[in-house]
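The next part holds the structures, each set out as structure tokens.
In the two assemblies presented below, chain A is common to both, partnered first by chain B and then by chain C.
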Partner chain A sequence: MSPSRDRGGSGGPDGARRSPGPYYQTGTFAVGGRLLDEGERAVQADEGRANAITKGHRACQGCGEALGARYALDAAMRATGGRLIAANATGCLEVFTTPYPESSWQLPWIHSLFANAPAVATGVAAALRAKGRSDVRVVGQGGDGGTVDIGLACLSGMFERGDDVLYICYDNQGYMNTGVQRSAATPPAARTATTEPLGEHPGNAFGQGKSAPLIAMAHEIPYVATATVADLRDLEAKVTRAMGLHGPRYVHVLVPCPLGWGSAPAETILIARLATESGLFPVFEALDGRIVGVSTIRRRVPVEEYLRRQRRFAHLFEGDGRPDVVAHLQALADRNIERFRLIAADDGTGDARASGGADARADADIDLLDALAAGERGP
Partner chain B sequence: MSAGERPYAITLDIGSSRANRTGDWRTERPVYVRRMPPCNHACPAGEDIQAWLYEAESGGDGYERAWRALVASNPLPAVMGRVCYHPCETACNRVQIDEAVGINSVERFLGDEAIRAGWELPRPAPPTGRRVLVVGAGPSGLSVAYQLALRGHHVTVREQAPKPGGMMRYGIPAYRLPREVLDAEVERILALGVQLECSERIEDLGAAMREGAYEATFLAVGAHVARHTEIPGGTATRVIDAISLLHELEEGEPPQLGRRVVVYGGGDTALDAARSAQRLGATEPIVVYRRTRERMPAHATELREAEQEGIAFQWLSTIAAADGEELTIERMRLDEHGYPQPTGEYEQLDADTVVLALGQDADLELLQGLDGIEVEDHVVKVDERMMTGCPGVFAGGDMTPADRMVAVAIGHGARAARCIDGWLRDVPARPEPEVELAGFDQINPWYFTDAPRTVQPLLESVRRQTTFEEVVTGLDEGSALFEARRCLSCGNCFSCDNCYGVCPDDAVIKPGPDGAPYAFDLDYCKGCGICASECPCGAIEMVPEEI
Partner chain C sequence: MRSQLEGSQAVARTVARCRPQVVSAYPITPQTHIVEAISRLVRTGELEGCEFVNVESEFAACSVAIGASAAGARTYTATASQGLLFMAEALFNASGLGLPIVMTVANRALGAPINIWNDHSDAMAMRDCGWVQLYAGDNQEAVDLHVQAYRLAETLSVPVMVCMDGFVLTHALEPITLPDQDEVDAFLPAFEPRQVLDPDEPVTIGAMVGPEAFTEVRYLSHARQLEALDLIPQVAIEFAQSFGRASGGLLTPYRSEDAETIVLALGSVIGTIADVVDELRDGGASIGAVALKSFRPSPLSELALALGGAKRVIVLERALAAGIGGIVTADVLRALGRADVEVHTVIAGLGGRAITRASLRGMLERAFGGELGELEFLDLNTGVAERELARQREGRRPGPHAEGILRDLGIVAAGPA
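Moving on, here comes the complex of A and B:
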């Protein structure tokens, strides 16, 4: 290798792939760094970041949603020069930021009902169009309950009509602020208040639930992506890319919930990382219904490493445990890895890292229709 | 906003959530800490390696800042960048990600850069008028002289040899340490006002101290007296010792060795002697050693370089007898304790010259007449202040019980200087504070990608067999910068903004451009600990709140 390498990664600003920061200490995934140029740092490294959700909010210790929402909206605020309006569904995010009369929001923000955030966002966009304000952009946002279950009809309508809204779903896999009930995004075998760990099939049932990102792709809208709070640069790149497009766009962000998942507050980012590194949560990006990029796994882990850190899966490991259920979850992860090509083809180490990303991006040309034709179900 | 101006159905003024001090939820608080990086912990010279790598990572002006941080503990970086066996790299946490950081090669780069650019050592403090005698201008003597001169003391260094450097000059061959490098770094120390008197042997230390009105002495005479062994029937065989060979070589009068040179011993000096013999024309140097390759005390890099140059080895062998140009070699075997035992099997080996490399002892004659000095196993005992049993007489380096390495000697000098300074001013030296070691378990390796180590180029083999040109070539600037940036900064913040980015409560205050440290906004920090678990380098600790 050339001795004059001073840029560790292959990541570029356009990347939907996992991109290490170009070079502090030859390749780091950290937020910023004193040796990086401004443009090479994450939005979150900026002292002048929008802080769309400011301090004093009432989210739990280590809340992934508070983090994910700030990451996403700060990136959107930068992309729009601060000209942004948010419509919010009912849910944790709405509750912990706006106990009347206080607000954590540092952008114009509107809440109406649980089910109608996409429709409200549509209305805001229509009002702006009517006023001739093409400079102001709109995001709709909600949790997985408000998006995948209750608001799905409004969301589908927004997609179908072609409204100029970016909708962001913060997926913590359940109804958390009402006491951790199951949603259609709750993973199989997970304990919730409504899926008790009892009987032969403890926790949430296998074979149910739905993938909102794949549903969104089926609308063939301009942009769909998944992301997690474990890969800030990837999330920021996707939101930035989405704000560069018009029409309906959808970003689905995995945000671990220490309360509902029974994980340590300090491990929120670690848990999200393990979700992707195990293959349980595929991180990808699609244009016009076609997957154009995936984040390859850097250091593959068995699903058990992810599951054991969460009390919602504790029943799988108590006493004799349920190795059959763990194996079933592992099979789901393996299928994701195969289906979304989450391991770079030419890498036998299981450590795709920076070099794998670019190749994988070109390589991963998975058509949703192929996937559906093969009889696949959502993750 | 008064009640009349509020919109319909609004009864309270709009407030910010900042009114809600969520800091009172906290049961643990994050604290920025500085832990002891394993490299610093392992460095016998006491260098703050992580700190100077941090500066070097900036490139440009950072190199001089790095060098300044480096010479705070070690005034001979270009020398040490060549001859140190770098225990720092053995300890480096990066080993567990890919390979250790090439600390030694960056040290050499900085040392060479300083010589090239003519950077000067810091200016000494105003003269104190106190006088200290240093006996021996080897690494520990030069180190103590430098540190005492910085503190404003008057230092005289007496050296028995014609030139300063001790074993760095008379023990380490020029192909490992070019003399212009050594000269340049010694010159820089002398420029601080250290008085050097060469070819001055002290016979009676007590008298010398009285004559020069010295209030303290640092003894650093090294270990230059070769150990010998009787070889039966060896009178007709030419037998010399390795340390004399290297010494005479340095003085420009190398002994005639012949073609077949047998070196007896297994340490670094044996390898230096064999490699030097080859460069002097011996075509078949053989190292004969009683134990196995694995048990050889020589360092692995030295052994590898010797083998590359074609030095032959005969393991598990001892010289039983000599008869003219023929040696009788007895095969050995290792017993269950690893000690070599004779087997009674013999073979013959031709030799023009036998070079004994069996270790060295210190010449302690000058201590006669001093009270209180204790000698054990041919070395002088010192206390934790590096002081001998005789008040005001300190000692360090190879003549004291420790590993015989340049880095150890430099560390002795620095420590002794602190204690001598305290002793002169009648202030006890403060004990170094205990700092928690930054182990690999405190690193978050996710944040670092693979970055293989940069290898220093080696001189081509033929030139290594025939000349005393330097074998290992230094890194160019780009490679040195790359290597410096491989540092994980174990246990010490490297300003990556991660804590600022990952806090869900926006409770980390990022420093402004003035380089102030990060701080926590404890009014809002809920104590979740994400910052600590996502800190790449283990510089944040969660501590329980007192309730």
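Moving on, here comes the complex of A and C:
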């Protein structure tokens, strides 16, 4: 397929643009659809949503991946008018949605192997191009294992060729489907079945792992974004924006896993929120390899508040605890905050919306994104 | 029109006339010429409506073909050797999904030691992956088999490998008649997929199947291969009617009807074997040959019929199953199913070693004299092998055995010292 990097977008549908108004219900972590005008409400708030993953699937209680995939795919379905094909890697999402003869998928969907979802998506896109079917779009998806580890070569190939595929990684930071083993997306110190809290350096090692979003950006693809299930409105907006562009696009969604993280099913969204509010998981958007927008931290929390809610970090707080390890994790969060400018420079409280500082910049960048999605050329 | 063509170029042009819509490929010697030529045909516009995807690995090549085929496109790829093994997981997947991908395998050895030359180790290693495996005897047949392969694949919704000897065929210039575009169009109807990813009728392809139905799904893979046993000869007959020449089929006997000794082989070596059969027949020997064209599915009853009258069957194999010896031999024994035939396995031509008429004659004369063992290696230098085994037994870190053997032979760099 010819590189499509220099092709203009086909135009983003209405609703991609986020209202600059207040989303957050005071004193809670929830993003309230009810506070918005009807036209600005979430795709999920629409009774006519695609229900791309419909009821009856076998996901665990509180599964972040089921939630993230539902919002992401319904947004993509709305953006494409339901003309969407999905290629799925092996993993939780594949297993819990498709125990034959039942299937939760209400869009054409293929699962081939663990490592090849991006290449299968490329094949689907190539077939559509050969048939002149420009109306149908393609999404590839997988977990962090299928994306950052075993599938990285196929993902990188899909990126560099400029194939017209949106790839979504649902990152639950480990191989949860096989019993919670370490992946290259597992955070330092986390307990997994292959990084047990034993010895002098309990849990997953520091200094390892990789950032798939930054790797994606290094390919200078049109669109890279991170998101979490804590801000589903943001996830919808990013997927919608991605579908307004052509060429390879990558969205990396943090999806807490109650089973693997040892967290309460009812706290999935809260934990995702704490991952971003602590700075451990930066939420940003990049165009052509350049970061153009970040979600600033609204109420900064120490990493301990995030860690204590997950049994995978319990060894850091038992007995005398491991304040040295917690401090190391805090340093990583601090580095993210500095590196991605997650807190407005002119505002020590971190309440960017109150100050209007960094957030105003982010809004300007989002206007740029929307302009690009609508087919206008960027600077 | 008959013209002097390189095997790879002829295959590329023929594949183009089959009008594939998606071609994905990763370079590997000696398949490279084929995909280079196809990419050129796509660029020049000679092959219209085709997407050529340069991928990062053979695993991706087969995976792109899987996605494209599932989206309803006629799909092609080609590989050889390590590339075929790097595809292994996707090969089983494509057949399990029932996707009619056609692939050329330019047969070549597998490392270690690394070796780029011809034998059948690659395709034989993928014996059980659920793809039909057809073996070409010469470049004309290689060309013709690709046209037949698409017909077969799309009729049965099963993937097909066309195996042609690397270098021996892919790089050989021969007079070849390319099938005309209109002839191919008449022979190959447009691809109508049995299953397709289509937003108008969403299907879930490739979901999990548990023990309650896995056996049945796997059985279907076998059943499709059995259907191919009927369809392969039928397609070959129709091909002969349309194109005016015989190619393909399950197997081809050569002067074997009344022969006491029959040599069975796959691929291009059959030409050399036929010459030796002629020479020995001139000397009064009762000998013939059988070229096996379809290795998977295995034509057991046709083999029984073709070999049934012989007293001695010699299976010449260009691959080795370490620990047992022959691979094709197992099928032959199964087909014969009786004890009153001598069956010998001769492993020959590994890693590009030439199979000469003289070597074949020597081996056959030993067979006539009752001296041929059950398993033999043609032209094996037993002295060198034994000395290396002795060095390895000495246990003083003798080093890589491939190096030891070459030093023993006195071969330095590219030639004898």
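In this section, the second predicted complex is superposed on the first by the 316 of 379 C-alpha atoms of A that agree within 3 Å, B and C clash if a C-alpha of one lies under 4 Å from a C-alpha of the other, contacts with A are read in each partner's own complex, and residues count from 1 in each chain.
Basically, contacts are C-beta pairs under 8 Å (C-beta built on N, C-alpha and C of every residue); 3 or more make two chains touch, one makes a residue touch a chain.
Computed from a predicted model, the values in this text were never measured in an experiment.
J.: With both complexes overlaid on chain A, does A:R83 touch chain B (first), chain C (second), both or neither?
T.: second
J.: Of the two partner chains, chain B (first) and chain C (second), which one does A:A42 touch, if any: first, second, both, or neither?
T.: first
J.: Which holds for A:Y100: it touches chain B only (first), chain C only (second), both, or neither?
T.: In the superposition, A:Y100 contacts both chain B and chain C.
J.: Which partner does A:A193 reach: the first (chain B), the second (chain C), both, or neither?
T.: Touch status of A:A193: no partner.
J.: On the A-aligned overlay, A:A331 touches which partner chain: chain B = first, chain C = second, or both, or neither?
T.: Neither partner.
J.: A:S112 contacts which: chain B (first), chain C (second), both, neither?
T.: Only chain C; A:S112 stays clear of chain B.
J.: Tell me which partner touches more residues of chain A in the superposed arrangement, chain B or chain C.
T.: B
J.: Kindly classify A:A205 by the partners it touches after superposition: chain B alone (first), chain C alone (second), both, or neither?
T.: In the superposed model, A:A205 contacts neither chain B nor chain C.
J.: If you stack the two complexes on chain A, which partner ends up touching A:G62: first (chain B), second (chain C), both, or neither?
T.: In the superposition, A:G62 contacts chain B only.
J.: Where on chain A do the contacts with chain B and the contacts with chain C coincide?
T.: 1, 99-100, 103
J.: Which bits of chain B are touching chain A when the two form their complex?
T.: Touching chain A: residues 10, 12-22, 25, 57-58, 446-452, 454, 475-476, 478-479, 481-482, 485-489, 494-498, 500-502, 504-507, 510, 512, 521, 523-524, 526-530, 532-534, 536, 542 of chain B.
J.: Sort out for me which residues of chain C touch chain A in the complex.
T.: 21-22, 24, 49-51, 53-57, 59-60, 63-73, 75, 89-90, 93, 97, 197-199, 201-210, 213
J.: Per the contact definition, I'd like the list of chain A residues that touch chain C in the complex.
T.: 1, 82-85, 87, 94-95, 98-100, 103, 105-113, 115-116, 119-131, 136, 153-154, 156-157, 160-161
J.: Taking the complex as given, what residues does chain A use to touch chain B?
T.: Going by the criterion above, the answer is residues 1, 3-6, 8-9, 20, 23-35, 41-42, 44-45, 47, 51, 53-59, 61-64, 66-67, 70, 97, 99-104, 232, 258, 264-270, 273, 298-299, 351, 353-354.
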